[in-house]
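One structure is given here, and the rest of the page talks about it.
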């Protein structure tokens, strides 16, 4: 299945782009996607804490819904999903 | 001595004008001036209470100073004074 | 921008956002404004067609300057202005414009509130309402 | 007046007082506005030369609409608008414009405050500061 990932703020720079299209096997969870994307020590350290849990200040949206109010990192991904990885917002 | 009296808001209409120049004998107090000006039952009732005291909601300025913080109605008048008779303010 | 004070209706052009921004010191992060407008509903819920605003100009200008100076000092503002208009007004027309600017909204918020409460209480300005039914009344008189 | 939302810097003309007044229902007695401006002093008191504002447009527009609708309802306002700009900004340039109008300042005051606190906390918008010393930093990142 194909999904789209969007990166904002500092994550845009850390992940090297605003948007990426990714081809995944069916049955992938948000957690699996993050593992795939965080392919360096620096990225893992930004996104996960030492025990491997998603850091509090990172927000993951799936199709504009907070995954925190779905099943968290165990939210399942589906064909055509748009996943957004957000640092804390800082409006003007 | 000559003094000037200014009327604002509802007092402009009750006293029939915005401004009046009055010739007074020396030694007049604010109280005497008000007695002179309130020459009808209606005017006396608007300005004084039943015991003859200045009503709380009437403000008298002498040269832009509150007579309440001078000697009240026993503030003495002098040549060239500008006395203003103000109802409660009601800014926009 | 013009000095704070009492102005005849229409005498002063309302400042635009660009006017405001061009006059601000560089440490201003927040600008707040209040515009007081003639409401359709007046005293005792009577329907209003218009207002007359009268002012003791010299005295009111003196008070306005005081309020602005004191609020600027108290809240460390970069700008504090009050413009109060006088004359005859229809429903929907502006009567007052208050502008405050400062480093942070934590300063401008209480400053705006205090500026409004003070001008309402202290300015030598009077309002007469004219009603749809043909009657009229000095408010507060 | 344009719909609330995220706009590119310069894309939208700032409304004038006359624009505002011409759009108000007749029961509006108070209009309040907030303009957020780029300050010279940034994070850790570093001297700022400019900012970049980035937004997740679709999501932020959705949130802005929600905030405006909810605040309008909660305080019985006649108008509630939030415009947040994005792009590159210099010190002194406006980043945000919030406008609320209602019958009385007792409604518009808390409404303006809540609108500001909510957009700061909820909008999917990010700010990068550029400093005089050549460094740069994403705030909150």
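A, B, C and D label the chains in the order they appear, each numbered from 1.
As a working rule, a contact is a pair of C-beta atoms (placed from the backbone, for glycine too) under 8 Å apart; a residue touches a chain by one contact, two chains touch by 3 or more.
Keep in mind that what you see is a predicted model, and the values were worked out from it rather than measured.
Starting from the defined contact criterion, work out which chains touch subunit B and subunit C both, please.
Output, common partners of subunit B and subunit C: nil, no chain qualifies.
How many angstrom between the C-alpha centroids of subunit B and subunit A?
It comes to 76 Å between the two C-alpha centres.
How many angstrom between the C-alpha centroids of subunit D and subunit B?
50
Quick one: report the Å distance separating subunit C from subunit D, using the average Cα coordinate of each chain.
Computed value for the inter-centroid distance: 23 Å.
Give the residues of subunit C that touch two or more other chains, as numbers and ranges in rising order.
As it turns out, subunit C has residues touching two or more other chains at 36, 38.
Would you please name all pairs of chains that touch?
A-D, B-C, C-D
Touching subunit D in the complex: which residues of subunit A?
Listed in rising order, the residues are 6, 8-13, 57, 61, 64, 84, 86-92.
For a test of understanding, state which residues of subunit C touch subunit B in their complex under the given definition.
36, 38, 51, 53-54, 56, 58-59, 62, 84-85, 95-96, 119-128, 138-141
Which of the residues in subunit C come into contact with subunit D in the complex?
Listed in rising order, the residues are 14-18, 20-21, 24, 26-41, 91-94, 97, 103, 105, 108-109, 112-113, 116.
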